[in-house]
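As written, the chain order gives the labels A, B, C and D, with residue 1 at the start of each chain.
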Amino acid sequence: MIAELFVNALISGLLLGGFYAAISIGLSISFGLLDTVNIAHPTFLVLGAFLAYILNSEAGMDPLLAGVLMTPLFFLLGLFIYSVYYQFFEKTSAEALRGLAFFFGILFITEVVMIMAFGVDHRMVSAPYANGSLGGSILGMELSVPYRMLSVFVVASIMTLGLHLFFSRTFFGRASRAVHQDMLALSLMGVDPIRVKRIAFAIALATCGVGGALMIIMIPIEPAVGRLYIGNVFAIVVLGGLGSISGTLIAAVLLGVAESVVSTFLGPSWSPAVSFGILLGVLALKPSGMFGVGDTR
Amino acid sequence: MSEVLLNIENVTKTFGGFTALSKVSAAVKKGERFGLIGPNGSGKTTLINCISGMLQNNGGSIIFDGKDLKGLQPHQRTKRGIARTFQIPRPFHSMTVIQNLQIPLEFVSSSGTSQKNISEEAMSILEVMSMEDKAHHETSGLTQIELRKLELARAIAVKPKLLVSDEAMAGLTGNEVDEVLEILVKLNEDGMTIIMIEHIMRAVMQFSHRIICLDAGQKIADGLPEVIVKDPAVERAYLGV
Amino acid sequence: MSLMRQYKFEIGCLVALVLAFTMTQMGLNRFVFFAGFAVLQYAMIATAWNILGGYAGYINFGTAGFLGIGSYTAIALINYSDASIVEQIIAGGVVAGLLGLGIGYFTLRLKGVYFAIATLALAIVVETIVNNWDFVGGAAGVSILPARNPELLGVLVVHKKLGVFSNYKEFLFFLMAALTIMSVWIARTIEKGKLGRGLNAIKDNEEAAECMGVPTLKLKLITTTISGGLMGMAGAVFPSYLTFVDPPTAFNLEFAVNSLAMPMIGGTFTWLGPILGAVLLGTVQQVAIVTISSELNLLILGLLLVIFVIAAPHGFLGWFMKKNKR
Amino acid sequence: MKSILTNRVRVKLLGGVMAAALLLSAPISTNVQAADKKPIKIGFSMALTGALAGGGKQALEGMELWRADANAKGGLLGRKVEFVYYDDQTNAKNVPGIYSKLLDVDKVDLVVSGYGTNLIGPAMPIVIDRDILFMGLFGMDNNKKWKYDKYFQILPAGPKPAEGFSHNWFEALKELGGIKTIALLAADAEFARNLKEGALANAKKAGLEIVYNKNYPPKTPDFTPIVRAVNAKKPDAFYIASYPNGSAGLVRALAEVGTKAKAVGGGMVGLQFAGLMKGLGPNLNGILNYDFYVPEPTMELYPGAKDLIARYQAKVKAENLKTDELGYYLVPWAYAYLDVLGQTVNAVGSVDDHEALAAYMHKTEFTSVVGKVKFGEFGEWTESRTIVVQYQNIKNNDIDQFSRAGTRKIMFPTDIKTGDVKPYNDLR
């Protein structure tokens, strides 16, 4: 019985980790690689979720397809936001703190825009592939995997692994990682670091299309729900180590599993304390996160 | 010139599996002008980080002025008389030049005296550096040589027994190198022991009484400048043969 | 005369205190005290935040955790005994100060964003503990009944006719004013003293500061303790003001936003900055809430933040002072 | 005693002579004479942004419908009714300032509360300080400690609201039979935790064995581990006190993982909202939950509620409002809390005599769109009138099916019953 609960908790945690990875990966790029403290990231995800909802309920479009279609839109939004950010903060080498306040402002503005456009009520979608669950008996244990979580996990995995490969294997990806460390070297190589950053930030924001779709498949949304996830996404990115996309994935799964196991055995009420306790513990032992590059800014 | 001020004995420093320093020993005598050379990544900066306390060595011991420095924080070592400069100047950028000097004066050498006293002392150090006209300038407007001199001035403000100068001349012109050398020689003549880490061979040869050379975390040579310069091991290390 | 010049600031503090007291005796429109309380509380929080964030450059993102622990210390004390509000404030300050000391020790190797995220994590851990601590109401919240006619040291503090203050809210306003003035005095004393100069060196370059003989760890611990303690004191007044407290209120994200936005808008390098920021942003927020009856008041906050950080990159004071400008 | 007095006097003198002079000239009269036909201003704070905004906006529309009705009938005491309200952002911290502004600056004639317990709480000391009538909307035991005699509130949960809220649910359980063990789960939030405390008391009273009693953080994204942990304890009944996010997550997790519990639900907030009902669709089948009003034929008991909701729904459509499409949950109650107040004002003939207003409220049994309303000593209802419904026959995610009878059948109270309680799995 306990073994069955444990295995189920591990599976649920893994799937939840996939969801966490999907909502953190964008921040891992914009914050981890580019140092922009985009605290509005979860709110942009909610925006993506609302747009997926509208396309689903008004046009009957599949939410995931809607998410994919919205990606270029968020990419453009990302280009725009970074241009503003660059003009007023990065260029004048203002402290990260000012950028933080800027993104707080963006957060509130986006929330109000959503309230006016979509109202304040909770919204959900139901996708045909997100009903029921895959069940079976293995080694005498009854295991069940909800299709909803499974589909979120599969899409999240494709997206995050794709981005991971993109940022580790392509020239552009390596260039984005380099702006983090050595702007000068990049310029010498004939790469415009600002352009690299702008595009990387736009990619980070573009994840809010599919990420938002996954969000509304996973949970009901309302305009302010993004605030609840600020702690989680930052914790995951920092726990994984800034600048390490694979670290983000591992941290997301770690927190997912921790939450799931704690919920099952200790009581769900304690799961935030355990998740953030893990973060504090890791930071105390290794100040740059699990897979951080060692630079503790 | 016989009493040992700083005794480095079998100092070892590892980072994970990488050994940055392996059983390095050296003795710096009181009043000595001591040169530390070696190719990039040879462990020079690691060694002075171990001396200044920014890193704690895993093995061996560092004895300064007859006392083991083990476990002491950098600021405690500073109070005992070890001052250092940084390879890349690290001024307190929100302060003026003179305020930069007031920090070490207030926290170490002139602790407890009045603000007026402290700023007078700071001024006198700037005079030594011939930077008194820049006293109330912000650090952002300083030239490379001025930044280097500020770095030195701040270290001198500690009134150290031992000054560790980490590539204080990198990026300077020939004349500027001579200017800095002159200052260092004068400080030494006033009784300060100096360890100089330098890539500019001319400067380090001209300045040092004695030189050690590190390569891949190990001491490969120790002796008079004219001997070191001919040492085949040193040559190999630098040429990478 | 020279003594007066030497203690000019302290005299100013006293004048401000007397002014606050006089205000409570003038029978002003009571809304003044409600709005005033909110702005003063912001001013105190912003000042406390700035001691660590502005002077030492350590961004505390867990303001809500320190405030919340102050609030809940007061609540625990109310439930446990009939401690007076002054005792609640002291206890809230001590407990939050200890938490500050603890986080200082725990995160002493962390810098920049890592420190900020660690403080955020701490706030969430504290909130979770409070959620599960039923003695102080837990997640269900707790209702506080402030003493109707409290006495302090034998003086009848609040009474419609016979008290020093005719109304509890006026008393709280005065208390908040006194605490704020105290915080500002502490912040200024730090700023003008050796501690402040050491913290500035830490902000500019911590390793260089350490090598120049600044005991960085000790100064940081002193600072996290003072900053946390002051936030805890500001939080301890909260239960008496609200009379109903639940964790979402006590640990509201708004505190994190305001505590860093206000000093930044005012200017982080001097004690006046947070005050100015709190008065500006706090007043606009207070006014927006009670004049615009829709979600647009949130929009104003958002626009204000964006416009301010863009228009005044060194804060409001940065416009007037060249000092410390990079 | 003497020293205390002199001390006090001294401090008072310190305050300055000016203070005394100003005290005399301070505005004393905030009263407006009824005769001058100035409008009657009713002031309140309302959650228009933040977590409770969904309820807040719906409530506000219900209140506006009442105002339109009242003014169509010539207003109160022959004076038009106006609202003065501000957004509290679902943040209790904003509430004291708002009520002070309403009373001291806007000089409203009457104040009523915003939506929800934690936003009513901070207004209590202010109204008590001024000794004025205060109507609450969906507050849970806000007056428990204050014991204020001019507080009245609309939440049909009886004199002990926490227990009264789930009392009927436990009554409905009896119909199922064979319930011996129960699991309890609540969101870590004020309303839900209070509901669970009440349910715990009721469960003990009913002699049920508590096999699971835990709370969850409101933002939990995945509830399957919780449902599995509950299932492992094999409870016969599963009482859930949850907020919208958790309600949706739990309904889904229960549908996905399944459960052998016969009765599931109880205090799930949010399942009454159009957005969630639509999104959850058939997943809801079998859930046994509280409700206040459902479109079942026996609800004729609430005179005018049906029309009122129809008007609300028409208004939402016509004006393209971004609020709940159906409005069952709050509209009748938001209407009623002003209606009761309006009836009182008209009967007493004054908006200033708060003693008389409160006295009238205490002694009267009102009839409004939510049926008979009678207040107890501290302003809670004298009887609990939450209804227990079971979701059934839900075929798809079409919103319109929820405005027809038959999807949420009434299980309790027995006098308005429209269906029989069935085990959860029988309806899956």
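Assume a residue touches a chain if its C-beta (ideal position, glycine included) is under 8 Å from a C-beta of that chain, and two chains touch if they have at least 3 such contacts.
Everything quoted here is computed from the prediction, not taken from an experiment.
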Those chains which touch chain C and also touch chain B: none
Intersection of contact partners for chain A and chain D: C
Chain whose average C-alpha position is farthest from chain A's own: B
Comparison of A-C and C-D by number of C-beta pairs in contact, larger one: C-D
Chain occupying the middle, per Cα centroid: C
Approximate Å spacing (C-alpha centroids) for the pair chain B, chain D: 72
Between chain A and chain B, centroid-to-centroid distance (C-alpha), Å: 46
Chain C and chain D, separation of their C-alpha mean positions in angstrom: 34
Chain D, residues touching no fewer than two other chains: 48-49, 51, 53, 188, 215, 217
Sequence positions of chain C contacting 2 or more other chains: 128, 131-132, 139, 295, 298, 326
Two or more partner chains touched - positions in chain B: none
Touch relationships between chains, expressed as pairs: A-C, A-D, B-C, C-D
Chain D contact footprint on chain A (complex, rising order): 1, 5, 8-9, 12-13, 15-16, 19, 111-112, 115-126, 131-133, 144, 146-149, 218-220, 222-225, 228-229, 259-261, 263-265, 267-269, 271-272
Chain B residues touching chain C - in the complex, by the definition given at the top: 52, 54, 73-76, 78-79, 83-84, 86, 90-95, 99, 102-104, 106-108, 138, 140, 154-155, 157-158
Of all residues in chain A, those that touch chain C in their complex: 31, 37, 88-89, 92-94, 96-98, 100-102, 104-109, 111-112, 115-116, 227, 230-231, 234-235, 238, 242, 269-270, 272-273, 276-277, 279-280, 283-284, 287-289, 296-297
In the complex, chain C residues that touch chain D: 18, 21-22, 24-31, 33-35, 38, 128, 131-132, 138-141, 143, 145-146, 154-156, 162-164, 167-169, 241-249, 252, 254, 286, 289-295, 297-298
Complex contact set, residues of chain C against chain B: 194, 197-198, 200-201, 203-205, 207-217, 269, 324, 326
